[in-house]
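Dumping the structure here so I can ask a few things about it.
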Amino acid sequence: MAPPDALLVVIRHAPHGSNWLREGLDAALVAAAFGQPVQLLFMGQGIMALLKEQSSGAPGQKATLPTIDMLEMYDIDKLWVAEGGLQSMNLSADSLVEGATLIADKEVPGLLHQHTKILNF
Amino acid sequence: MAPPDALLVVIRHAPHGSNWLREGLDAALVAAAFGQPVQLLFMGQGIMALLKEQSSGAPGQKATLPTIDMLEMYDIDKLWVAEGGLQSMNLSADSLVEGATLIADKEVPGLLHQHTKILNF
Amino acid sequence: MQYGLLVMGAPYSSPAPHSALRFAHALLSRGHQITGVFFYHDGVHNASSLMAPPQDELNLREAWAELNQQHAVQLDVCIAAALRRGLMSESEAQRHGKQSYNVAPPFELTGLGQLLELQQRADRLITFA
Amino acid sequence: MQYGLLVMGAPYSSPAPHSALRFAHALLSRGHQITGVFFYHDGVHNASSLMAPPQDELNLREAWAELNQQHAVQLDVCIAAALRRGLMSESEAQRHGKQSYNVAPPFELTGLGQLLELQQRADRLITFA
Amino acid sequence: MILHILTKAPDSSAATQMQQAIGEHDTVLLIEEAATAALDTSWAAWQQCQSRIFLLSEDLTSRGLAGIAANNELPTLEMQGFVALTEQYEKTVTWY
Amino acid sequence: MILHILTKAPDSSAATQMQQAIGEHDTVLLIEEAATAALDTSWAAWQQCQSRIFLLSEDLTSRGLAGIAANNELPTLEMQGFVALTEQYEKTVTWY
């Protein structure tokens, strides 16, 4: 169960494609810095933010992994991954960074309902 | 057959969703104004630019139909519509403005090959 | 009720600001208050004072400024998202050694914390993106 | 060969300008020439002199300007797409009664005709969007 | 209970993700590009949400889809109805 | 003959439209978000284009997909190879 007044930040965009991912993670980090309990849900292409093997992109495109690693320092330890999304991308759970937790697709609505606040990126 | 040095402008975006459609049509009009032979191909959501019943959008969002009507004045009289796209949107040919010409999906590659220049919007 | 709006699309490239503006006026006409509008991601372009659309298109910046003047709606722009995309206030311009600037009141550059505070304070937060 | 590049994505919001820039350098290293780069749609934001990304991110405007300085690549920006999105040169700013501006050489505001001419003159036109 | 706002076409990944997230008592509003859902009565969300899914009228009209939505007997809302929905639902999530 | 450049995912409408437009002797290059095609060996375009479809290496690497592309034995090109393709093909169409 999510704590009262918890914020769920939903991440649906992949690294390097746009700034959605980075700006979504920034929102999560700032909320946590303000003392708000924060959980993350990764759906669709957003799951790629958790791939272990990523690196920086074309010149000047920062890598996402250092930010993912930072989440724990901000006490953001729930990184939910929608299982169906993982499967439909033909990704295995062990290609993801440590700390990612699979959640069955049918649990996704419940996760949203548990959280008082939601931001969708 | 397209005349030599003809430009094909491919339109794939719907009215109001973005500025792709408007800026694509602008490119077609400018090319025609420069005396270049121009044809248009509408694919996917771009086909919605030809719907007869459209109007202007939320305040300040201009309607597209006046620009479509202008095409003929610039001698742009080939408005190709990919038939499969029309069908997969459950649209009938008579919901489109006059002057639109259906083209079978399998003719689309040939249309691209006939044109010396292509701009894809 | 108190509403907060989060706008994340750029004028002319996305219909999001148009929808948000129309929604804002509908809110007011139903007697609600707008606590604030927060511009994030490409939405920061709404604040550009250099925006000069053709005369038959709505100037979104002016439409937001009007909403501020008539209904005292606060217009906050995420500073990190703005600087990256070429939007800065006079004081930021000085700090970055630039002669020009393109964000001026009633738009205010502010941190992301303001978005989270808006979400806390308002009864509803509606996102347009 | 002579190459023209058409860039239609904004820095930081789209990977298109990054890809275009990397492609441009690969072109030059293989002995090709770049006739010009045309910025259209959201690509006009590449020209913003007010862009101020974090120091560990590439400043795309400066990267394009460097390409111009080192290889005399012409950088044309569609004026209609630019004005609508809040990008204007000093002379356009005067014409619109603005104190500030955010497009300066080596970027030049120009009409769409320039894109079609680029497509005619170059052996190849490659779009990044 | 959540109000889901979809701004992209029914065949977009935003739509797929929303469909995964819709709870039993949630409501859906289709705006902007999602107005094209009027063309596709076989779209799964029409069944999934039954009487709790609506198209925004103004976005249908501007796109020339109002007649088609009426022919397909699909439920629509005016902007005032959109506001009324947000009054009822404490949480709103926009899918884009 | 045309070089098609896809910048969006294989399940995007851009991809669908490109697949409709590919001629018999055309070639396809997958860049940016299209690098995710490495995950889906059942994507129809892999069959449709056989030896005339490539992934751009740098976009695979940055997304952590290089290992997967290699395991799936998918053909990749460096940026120099991208330039070489544009030398061969007079016409290039980008799908985004």
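The first chain written gets the first letter, and so on, giving A, B, C, D, E and F; residue counts start at 1 in each chain.
The working rule: contacts are C-beta pairs under 8 Å (C-beta built on N, C-alpha and C of every residue); 3 or more make two chains touch, one makes a residue touch a chain.
For clarity, every value in this text was computed on a predicted model and none was experimentally measured.
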item: Any chain that touches subunit D and subunit C; value: A, B
item: From subunit B, the most remote chain by mean C-alpha position; value: A
item: Maximum centroid distance from subunit D, chain identifier (CA atoms); value: E
item: Subunit A and subunit D, separation of their C-alpha mean positions in angstrom; value: 34
item: Whole-Å separation of chain centres (CA-atom averages), subunit A against subunit E; value: 26
item: Distance between chain centroids, defined by C-alpha means - subunit A, subunit C (Å); value: 26
item: Centre-to-centre distance between subunit B and subunit A (centres being mean Cα positions), rounded to whole Å; value: 40
item: Subunit D, residues touching no fewer than two other chains; value: 12-13, 15, 19, 22, 41, 57, 80, 84, 125, 127
item: Of all residues in subunit A, the ones touching two or more other chains; value: 16-17, 19, 45, 57-58, 61, 117, 120
item: Multi-chain contact residues (two or more partners), subunit E; value: 9, 13, 32-33, 58-59, 93-94, 96
item: Interfacial residue positions of subunit A with respect to subunit E in the complex; value: 10, 12, 43-45, 82, 84-85, 105, 108-110, 112-113, 116-118, 120
item: Contacting residues of subunit E [partner subunit C, same complex]; value: 5, 7, 31-33, 58-59, 79-80, 82-84, 86-87, 90, 92-94, 96
item: Subunit B-facing residues of subunit D, complex; value: 6, 40-41, 80-81, 84, 111-113, 115-116, 119-120, 125, 127
item: Complex contacts: residues of subunit D adjacent to subunit A; value: 12-15, 18-19, 21-22, 56-60, 63
item: Residue numbers on subunit B that touch subunit D, as the complex places them; value: 7, 19-20, 23, 26-27, 30-31, 34, 36, 117, 119-120
